[in-house]
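One chain, chain A, links the two complexes that follow: it is found with chain B in the first and with chain C in the second.
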Partner chain A sequence: MLLDIDNAYIQYGPSVMAVQGASLQVAEGELVSLIGQNGAGKSTLLKAVMGVVPLHSGAITFDGSPTDARSFSTVRQRISYVPEDRGIFTKLTVGENLRLGGVTRRDKKALAADIERELERFPVLRKYWGKTAGLLSGGEQQQLAIARALLLRPRLLLLDEPTLGLAPIIVDLIFDVVVRLREEGMTILLVEQNAVRALEVSDRTYVVQAPGRVLGCGSAAELGKLPAVVDYLGFSPSDVRGNSHVR
Partner chain B sequence: MSVDFLVAMVGLGALYALLTIGVALLFGILGLMNFAYGEIIMAAAFAMYLFQHSPWPVAVAMALVFAVVVALLSERLAFFRLRDADPVTLMIASFAVSLAVQSVARMTVLPRAQGVSPKSFLTRHLDLLGASVSVRELLTLALCGGALAAVALLLGRTGLGIQLRAAAENFQMAKCLGVRANLVIPCAFVVVGVLAAISSIVLVWRQGSVSADMGLQPMLIGVVGAVVGGMSNLRGAALGGFLLGAATTLLETVLPANLIAFRDSFLFTTVILVLIVRPQGLLSGAKVRVS
Partner chain C sequence: MKMFASSSRSAQTPILLVCLGLLTALVGATAGLTVGRVAMVTLISLVFVIGQSTFTGNSGVMSFGHVAFMAIGAYTTAYLTIPVPLKGVLFAELPHSLRFLAHVHAPFIPAVLLSGLAALVLGLVTAPVVARLSGLQSGIATLALLVVVYNVLNSWTAVTRGSSSMIGIPRNTTTWLAFAFVVAAVIVSWAYKKSRSGLQLQASREDYWAAVASGVAVGRHRAVAWILSAFLCGVSGSLYAGFLMSFNVNAFFLSATFAFTVMIVIGGYLSLSGAVVGAVAVSVLQEFLRRLQDGEFTGGSALPAGLADLLLAAVLLIVLIKAPLGLMGVRELRLPGRRRSQRAEAAKGAAGAEGEVRAPV
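Let's look at the complex of A and B:
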């Protein structure tokens, strides 16, 4: 497994246990989603992978090695993270934000080519290259956040609610990009409120219930056979037209 | 407005802008309201006093060295272990550093104020566009203006500058992208040390003396200017400092002689009014879309 979260417990403050014993795995080349209600602990799990919040107990390994953002292992391991609030530097220009995506890279020519590739993927970023990123719309900022994350040439891309609060046309665009990245072979762990869209595009989906307990895991069809999951989601995942892109 | 007034106003504005950038840079990156900033200024001033009989480039160079060393030592000995501490803890720590450095200076090398003999060229005047302009004011403008331009170049055009600005806005995200805390934080302290040294050189030229508590007033000016301009915005902070300096010069000129003693009352009343209208500062929050 590329990413292995084993029996993770994550605590906020002295008494709030946000995640209790979550275990999940992501294989190389997979698109895996985490779905569940607000406060289920999905985003906390991504933060724990990045080392933004510490583990109380349990283990997170990437390709067999522990992840720890404080020692920059996540950057060295090429794990890219797009947080829920997008993490855009609003006072920097679009171009400066993109340059920061490759801040650790020494191959400057290849980086320039990668920036060019992302500008082709997200043409709006070329249009606003010199513009302050804080002036972009929410959808444009999300495209910038994803483009910046891709400049690390990630082995694992963590996307936290990338379509939250966006217009339907931008939601379609973001999901199209996610599917295309998956087809290019990128490994993606996606946290998504839109359970139907997540089930449609994912190879496997974890259904997470507060506080960070995995209710079930599998394809949409497999999850549809789990009564607890159907009861929790309020619909049967097997009704979702899923995984059409999977080879 | 005469040329000499303009030079004095813009020069003092540039000096105050330097002071505010020094405060705002560390606040942005570490959440640190660095009350020890005044002691970095004092360290540079002490170097000016110590090397006052050496050629002036040596004194200036040593002021830079002293300020940068004190800035880096404060980072390594006090703030390094508190990087993840809350802002109040950091602020108390900076008070402690400030008082400790000031007390050590008072007990050892600066028990009382010491005079620094002014360089002869500073007392001269030049004819500029028909006005007699003090060389000291021109040098204040040139040095502080040059330093501001250099800071603008560093922050705006270099990779390190982009990392510093990103860290000042969202250090957590910057770290996730690979910006190294162990690089940007010491670099920020070096920049702060250099800015403090340049400010200190100008202050010693203007005041002609050095004392253990001489950093208090410039540190307060830096804090007030940064609050006026917007603590989370380096450009705003610089603007706040500049306006504070320009307003100080303006008040000195327009106030009648019997009201000059109340200059700071007028100045800080204006500051309070500005903060009532824009509590977030002049530029903070401007040109950023909430989405």
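Let's look at the complex of A and C:
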């Protein structure tokens, strides 16, 4: 397994246990999504992988290395993270944001080619290259955040609610990009509120219930056989069309 | 041609800032004694605020300790330029291990650079602390640096003359020399802002965790900016000493810190242009308010003492309320002009990552 979260407990402050015993695995080349209600602990799990929040107990390993080891570096291991608030540098230009995505890379020619590839993937970024990133719309900012994350040439891409608050046409674009990245062989862990769309595109989906407990895991069809999951979601995942379907 | 247009556009800001400095220098060179003195202090202030902005503008971390670097620069210049016979009298009680200081002497320009280097050394020593702190902690830590340096200078009487004045410094700071250092400071600070290190530091200013997640070594870049700004502030202290010819330790404490902070906050502490515009605007405003208080605009009847400071504080409050990021915000001075083709900008940008201007398509 590329990413292995084993019985993770994560605590905020002295009393709030945000995640209680979550376990999940992501294999190389897989597109895995986490779905569940607000406050279920999905985003907290991504933050724990990035080391932004510490584990109370349990273990997270990436390619066999514990992520909480002092020597572990998410950048060296090429784990890219697009946070829920997008984390773009709002007062810098689109171009500067993209250059910062590859700031640790020494292969300048390849980086230039990668930037060009992302500009092809997200043409709006070419259009607004010299524009201050904070002036972009929410959908444009999300495209910038994903493009910047891809410039690290990630082995694992963590996407935290990338379609939150976006117009339907942009939601389609984002899911289209996610599926294409999956087809290119990228490993993706996606946190998504839109359960139906997440089930459609994912190889496997984890259904997470507050506080950070995994109710079930599998493909849409497999999850449909779990009464607790159907009861929690309010619909049967097996009714959702298979993965890689993008409208 | 595109390359020329691109580089000339990016050079607009430093050129405009130098023009602002040139205007100040011309006023200083052609006006009377009083205005000339104000212009000279403004030029020296410009070197200081440009230095401080190199750190605060790029890192977003406010500092209240940069006057300590100015003090180190001024004291170093005093030691290097006061005539040796006079030093024998002024520093008769130098500790044995520092006796050589009474015999060293340097021409003014090397003394200015050595003063900057002395401040740089202090920056180097303190950088590990500053690099680890943000927000309020950083503000308090830099204030602590100021207090420590002030107390050392005030208490180490045998070396610094304590609260007594440093006297006998030759007047070497001329208007055009100060202007030359303004030009150099603008070039150094702008070059840093546009460097890879500067860009990464600005990213950490915008979103610390996103910058860290992108691989930005925030502490290292903060340290680089801190050390560079220490050098420039040390140079400004040297120019200050070479202009005033005498000073004492109280010139480098809270009132100076407040004055420079007002300049940077009013102009905009996140941009180099903000620091420069703030320094010029506050200098002009202070002179106007001083004349107002002295009755120059009220038919000779002087207004109550302290009114100028009250009005300056009121202006600071209004700016903080109406424009919390200062007059310039994060913007830099630019000439209004036609928008470049965005396609050309994108092509230039992608190629820029490769280190050459070449369309990637």
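Here, the second predicted complex is superposed on the first by the 238 of 247 C-alpha atoms of A that agree within 3 Å, B and C clash if a C-alpha of one lies under 4 Å from a C-alpha of the other, contacts with A are read in each partner's own complex, and residues count from 1 in each chain.
By definition in this document, contacts are C-beta pairs under 8 Å (C-beta built on N, C-alpha and C of every residue); 3 or more make two chains touch, one makes a residue touch a chain.
Treat the numbers as computed from the prediction; the structure is a model and nothing was measured.
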For this session: Label the relationship between chain B and chain C on chain A in the superposed model as either fit or clash.
Result: clash
Problem set entry | Partner chain(s) touched by A:138 [first = chain B, second = chain C, both, neither] | first
For this session: Considering only the touch criterion stated at the top, classify A:57 as touching first (chain B), second (chain C), both, or neither.
Result: neither
For this session: In the overlay, answer first, second, both or neither for which of chain B and chain C A:7 touches.
Result: neither
Problem set entry | Touching partner for A:83 - first (chain B), second (chain C), both, neither | both
Exercise. Can A:75 be said to touch chain B (first), chain C (second), both, or neither?
Worked result: both
For this session: Once the structures are superposed on A, label A:98 by its partner contacts, choosing first (chain B), second (chain C), both or neither.
Result: second
For this session: Considering only the touch criterion stated at the top, classify A:108 as touching first (chain B), second (chain C), both, or neither.
Result: second
Exercise. Which partner, chain B or chain C, touches the larger number of chain A residues?
Worked result: C
For this session: Could you name the one stretch of chain C listed in 94-102, 166-174 or 346-354 that collides with chain B in the superposition?
Result: 166-174
Problem set entry | Residues of chain A contacting chain B in one complex and chain C in the other | 50, 52, 74-75, 81, 83, 87, 89-92, 96, 99-101, 103-104, 148, 152
Seminar exercise, completed: Residue set of chain A touching chain C in the complex reads 50, 52, 74-75, 80-81, 83, 87-92, 95-96, 98-104, 108-109, 111-113, 115-116, 119, 125-131, 148, 152
Exercise. Can you list the chain A residues touching chain B in their complex?
Worked result: 50, 52, 69, 72, 74-75, 81, 83, 87, 89-92, 96, 99-101, 103-104, 132, 134-138, 141, 148, 152, 165
Exercise. Which chain C residues qualify as touching chain A in the complex?
Worked result: 196, 199-200, 202-203, 205-207, 209-211, 213-216, 270, 330, 340, 342-343, 345-346, 349-355, 360-361
Problem set entry | Residue ranges of chain B touching chain A (in the complex, touch as defined) | 159, 162-163, 165-166, 169-170, 172-180, 233, 287-289, 291
